[in-house]
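Both complexes shown next keep chain A, but they swap its partner, so chain B is in the first and chain C is in the second.
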Partner chain A sequence: MPNKSTYKLAFTVLIILLLFCFFANISLGSVSISNSELLNILLGTSKNNSLHQIVFNYRLPKAFTAIIVGSGLGVSGLMMQTLFRNPLAGPFVLGITSGASLGVALIIMGSAAFGGILVGSLVTKWGIVIAASLGSFLVLLSVLVVSSRVRDTMAILIIGLMFGSITTAIVSVLSFFSSAEELQQYIFWGFGSLGNLSWEEVFILFIIYFFGILLSLSSIKALNTLLLGENYARSLGLHIKRSRLVIIVATSLLAGTITAFTGPIAFIGLAIPHMTRQIFNTSNHKLLLPAVFIFGAIIMLICDSIAQLPTSDYTLPINVITSLIGAPVVIWLLVRKRKMVF
Partner chain B sequence: MRFITLLISILIIVTGCKKNEKTITTPDQQIKFVTKSIKYAKGFSIKYFDTHKEITVTSAWPKSKQTFKYLLVEKDHEIPFHDNKAVVIKTPVSKVVVMSTTNIPTLEYLDVDKCLVGFPNTEYISSKSTRKRIDSGEVKDLNNDLDINMELLLDLAPELVIGFSVNGNDKTLNQIEKFNIPVVFDGAWTEEHPLGRAEWIKFIAAFFNKEEKADSIFGEIETSYLNAKKMALNVEKKPTVLSGSMFKDVWNIPGGNSFIAKYFRDANTNYLWHDNNNTGSLQLNFENVLQKAQQAELWIGAGNFNNKAQMISSSKGYSFFDAFKNNTIYTYTNKVGTKGGLLYYELGSLRPDIILKDIIAIAHPDLLKNHELYFFKRLE
Partner chain C sequence: MTTKPKHIILNTTDLAIGYTSKKSKSIVASNINIELHRGELVGLVGANGIGKSTLLRTLTTLQNPLGGSIKLNNKTLSNYSAIELAKTMSLVLTEQIVSKNLSVFELIALGRQPYTNWIGNMQAEDISMVNQALKLANIYDIRYKKCFELSDGQLQKVMIARALAQDTDLIILDEPTTHLDMYHKAYILKLLQKLVKETNKTILFSSHEIDLAIQLCDKMVVMVKDNVEADQPCNLITKGVFQSLFPKDLIDFDSNTGSFRVKK
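This part shows the complex of A and B:
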């Protein structure tokens, strides 16, 4: 096992890398901005108004969103994998995405089924965010109520999946009866996007995310104990039900709000913890959690930079890039190490 | 416990920081204004004040309960007092981004197409002169209308974005507004009268100070439409008409009060679903349609098919209809742009008179002998 100083070095490298990716992210985009121009804009000495707008009101909020999304989904994925002791778990196993999709589907495509009552009252700038939050909250609440009756943590995983199936079925019924335009709107929501948050929205997202991160930091000890298995953890004096609840609430705060604001971002929550474990070769959450945090942010910034297809007039949906880049990296890491750290 | 107190105190600080928004009310409500007469369109109205124009859009999307106010102020004038929900636009606009192909011919008719700087999915545009400007790079492609390339848009810095919305849930348009680029909703497509849609040219014209031109263009279209309608009234024989086409096994038929059904009525034909009240489209199964319309004399508006062979390969059932056997299927695929877009979708909304004349020429061949079919063609 590597010693403390190598970890220190690793974290320093990661943080430097994060800063580098952050600046690379804000310097790349459809409109090419030279480094000196970018510096002028950041220092407020640039005279070009439209470039100033692009950097301050588009690229900077997008970069911060990428950091929040990457780190938040990574951390919640890590917590779920540990809680369920299942390497296939991710932030969305509890039915959060499906709940959010149901909310969004109802507001976008529900007018046919509900005669506009629901839609009329929710058509605001915040409509989609509110619908997605409500949807994921309700599904999560149902999962929690049902799971409070089961002792086995694995059962929660299955219950989450079942709720996911139910909501997917309802969404399919809604899409069957909706118009092409509405369907297209819904599909585009499903692609995920980091770039359409204003500063105000980034701020609100950050506050909830902040609470989620605090809760997950407070669960580090419980997570380490859970690695030993539930019975062992119980014998070590861990209050299983309460820790389980805190972990689930933290995950849903993080993954739920992120999904509400950016749409479902695929793969990051599943892949980042695996990448980090392979690189750091540890399962101690005191190291893993901050590493996943920084690593998630870095990967998300890189994915977003690629999705912008710098200097071309086109952009790609972020979900495509996260999976296209993420999956091969995980495969490569697993093949190279020949052994999964879990 | 300490943790919870911390959470609560942070929450209080955060919510306490919300800024107060000021509302400005008009000090003098007695200002004189003239309302422009809008004959057919129900979704918008224009008021002319001494210092500015005010456009109210009440039907931005179907069943919309929101009213939008647009304040049009001359570029060198001061912005008058207004309620803070109104969107202020400096006129005449010199750089515009539109989201719908139906706006392209409108801009061209008004002679302001040189103001167009960007469009999402430019390959949908068929108009030759605008295509030229796209190819020369004067009109930029902004990606998809649901996923606008914001950087490119900000770089173009348009003075106005004319968008549309199917249900008011448009993240992209909201975001454009946040960048302080005024966004207005074009609700032409929600109008139920064919001339109502065309009349929205007056809405677009107001932003470019081209009202007179718009009035005269619309006047011509109106006269031409009404004359054609009057001519059709004199015929005695009303042919029976079937419309629509199948997707998988569901037949989409225009409802009796739908937009296309109004054309069938004005062309003095007997549309088989004319007594139905639906304003949208009906989803019927094949048997139902076959039973009712097998002997229909004409089949007008049979989807995007180019010929009968295409129809057969899509569904054998089409061949059971008399119209198929008698070669009386007409649809709007006559004019196709270089990139495959149908001109009907682009220009049709502005030229209801041509659509009506096409349908009259199909239904009553003796009436408009010199009229060459423009949007419609017979499927062979």
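This part shows the complex of A and C:
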């Protein structure tokens, strides 16, 4: 039986790994920075001003964004998988990405449809962030309104998927009428990016993310109770509808804001909980949730380091890396253990 | 037979159960008057479709009564808050638990949820309750096994131990003996009888094992068409209640042996 001390050891290893990945992530990039130089820069004793600029204004915010994205999406994926009793659920089953895509598609490609210069002038970074937030918020609100009328949690899953289909269809209509240039811009947003955030944006992202994480921590007990099924959970005194609402709001705060700032980051939310379950072999959310949190941050830092293609001038889209790295790891874990832990 | 007045755990007065839709009420059974006392093992029997599940769903607040009243520990059932109810009544359902990756100990520990703090931390008292439940259900030596490693019979014992750990006056089990072989059916019901004696809790279970229930229960609730009888099994046999339980074309109740026989 894995006892408390093995878990303590595992968490210590994970945290050390996280720190290591964090520093590796900062030191890797198109310009390679040595360890001693990096230390000097971080301590503010470096004389090299341009390296200082690179680390403080580009790499550090990017690394923090990676941590926020990995942990936030991982945790929200875990919550959705438990809530919907479905290993295929992820942070985006409720239509959050499709809502964000719709918002962004409307301001990038909507100018053709609505013919306004006004719309075109909104295509700034903040314009995209706000459109994505509004889009995911509106879709989520619709899902919540509809789902408050149904008793069955599974119905919410289907309703989320249906809203996703509707928004995807609208985006398709928009793309059909838009110019090649607009289409390209929209597709580039869909690749996801961690590196475009200023400190100011990271700060705003962090505040909302922080509330999402607090809500998910407060849901740990409810999540564990839900492992027994809803009827048992109710018999244990759990308010199903209230807990469901808290879990959904936490997920949308996390996944919605992250998507608004970085674009839709694929795969992490689905894969991280599975990887963590295989490694920790537990369903207890008191262990699982913090483990997913740290593990998500580590994987995201690694993916970002690889996406930078160290020492080259190219940067691959982060979505490519998360799936290229993530999918084989999940397959390998499943094959090695021969059975899925859920 | 004790003569001192027994503490009433659950009683229903003219209870009517059934389903409501927008247009109409469909009453499944009405005039249900049952009284369960502390330390009784009570079996609920009846033919398929007679309303056993509806009655259990009503008693466990999954659906509302259509008429009459239900009192739990002398307090109207609908006045209980969710947490209060969880501390007074625990359930063992027929549905499968979602995650079988929990260890036996972890699963039973979830029975302590109504008593633990916001994050579910177990105090010494909670842990000792879990250990006590493990011992009462004879599963102490498999406490670190994962639920997917267990047989159906073991899993049922674990679910019963979970209800025990919830430390409630009343435990309600919905068909606890389905999927089990003959030995384990008897084992589980015998275990329930032992638990009633040792913990002085009241246990109500629905079952199709009428023969076993007659032998083991302190009281039985028999649902037949248009009537719900609750009494000691021997009185029910004398009254001839079991004869009317099923259509008479195939099986017949033998009052001498207390069991059903196939007609030759």
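Descriptive notes on the structure:
One rule holds for everything that comes next: the second predicted complex is superposed on the first by the 334 of 342 C-alpha atoms of A that agree within 3 Å, B and C clash if a C-alpha of one lies under 4 Å from a C-alpha of the other, contacts with A are read in each partner's own complex, and residues count from 1 in each chain.
The working rule: a contact is a pair of C-beta atoms (placed from the backbone, for glycine too) under 8 Å apart; a residue touches a chain by one contact, two chains touch by 3 or more.
Note that the structure is predicted; figures quoted are calculated from it, not measured.
With both structures placed on the common chain, the touch criterion links A:Leu334 to neither chain B nor chain C. Chain A has more of its residues touched by B than by the other of chain B and chain C. When the two structures are aligned on the shared chain, A:Leu227 is found in touch with chain C, with no touch to chain B. When the two complexes are overlaid on their common chain A, residue A:Ser193 makes contact with chain B while staying clear of chain C. In the superposed model, A:Ser235 lies in contact with chain C only, and not with chain B. In the overlay built on the shared chain, the residue A:Lys286 is in contact with chain C alone; chain B does not reach it.
Of the two partner chains, neither chain B nor chain C is touched by A:Leu144. By the touch criterion defined above, A:Leu60 reaches neither chain B nor chain C. In the superposed pair of complexes, A:Arg85 makes contact with chain C only, with no contact to chain B.
By the touch criterion defined above, A:Ser218 lies against chain B and chain C together after alignment on the C-alpha atoms of chain A. In the superposition on chain A, chain A positions 218 are in contact with chain B in one complex as well as with chain C in the other.
Considering their complex, residues 3, 7, 10, 14, 63, 65-66, 140-141, 143-144, 146-147, 149-152, 154-155, 157, 166-172, 174-175, 178-179 of chain B touch chain A. Chain A meets chain C in the complex at residues 1, 85, 217-218, 220-221, 224-229, 231-232, 234-239, 277, 281-284, 286, 341-342. Here chain C touches chain A in the complex through residues 60, 62, 82-87, 89-91, 93, 95-99, 101-103, 106-107, 110-111, 113-114, 116, 118-120, 144, 166, going by the rule given at the top. Taken together, the chain A residues at the contact with chain B in this complex read 29-31, 49-51, 53-54, 57-59, 107-108, 111, 116, 119-120, 123, 125, 127-128, 179, 181-182, 184-185, 188, 191, 193, 195-196, 198, 207, 211, 214, 218, 308, 313-315, 317.
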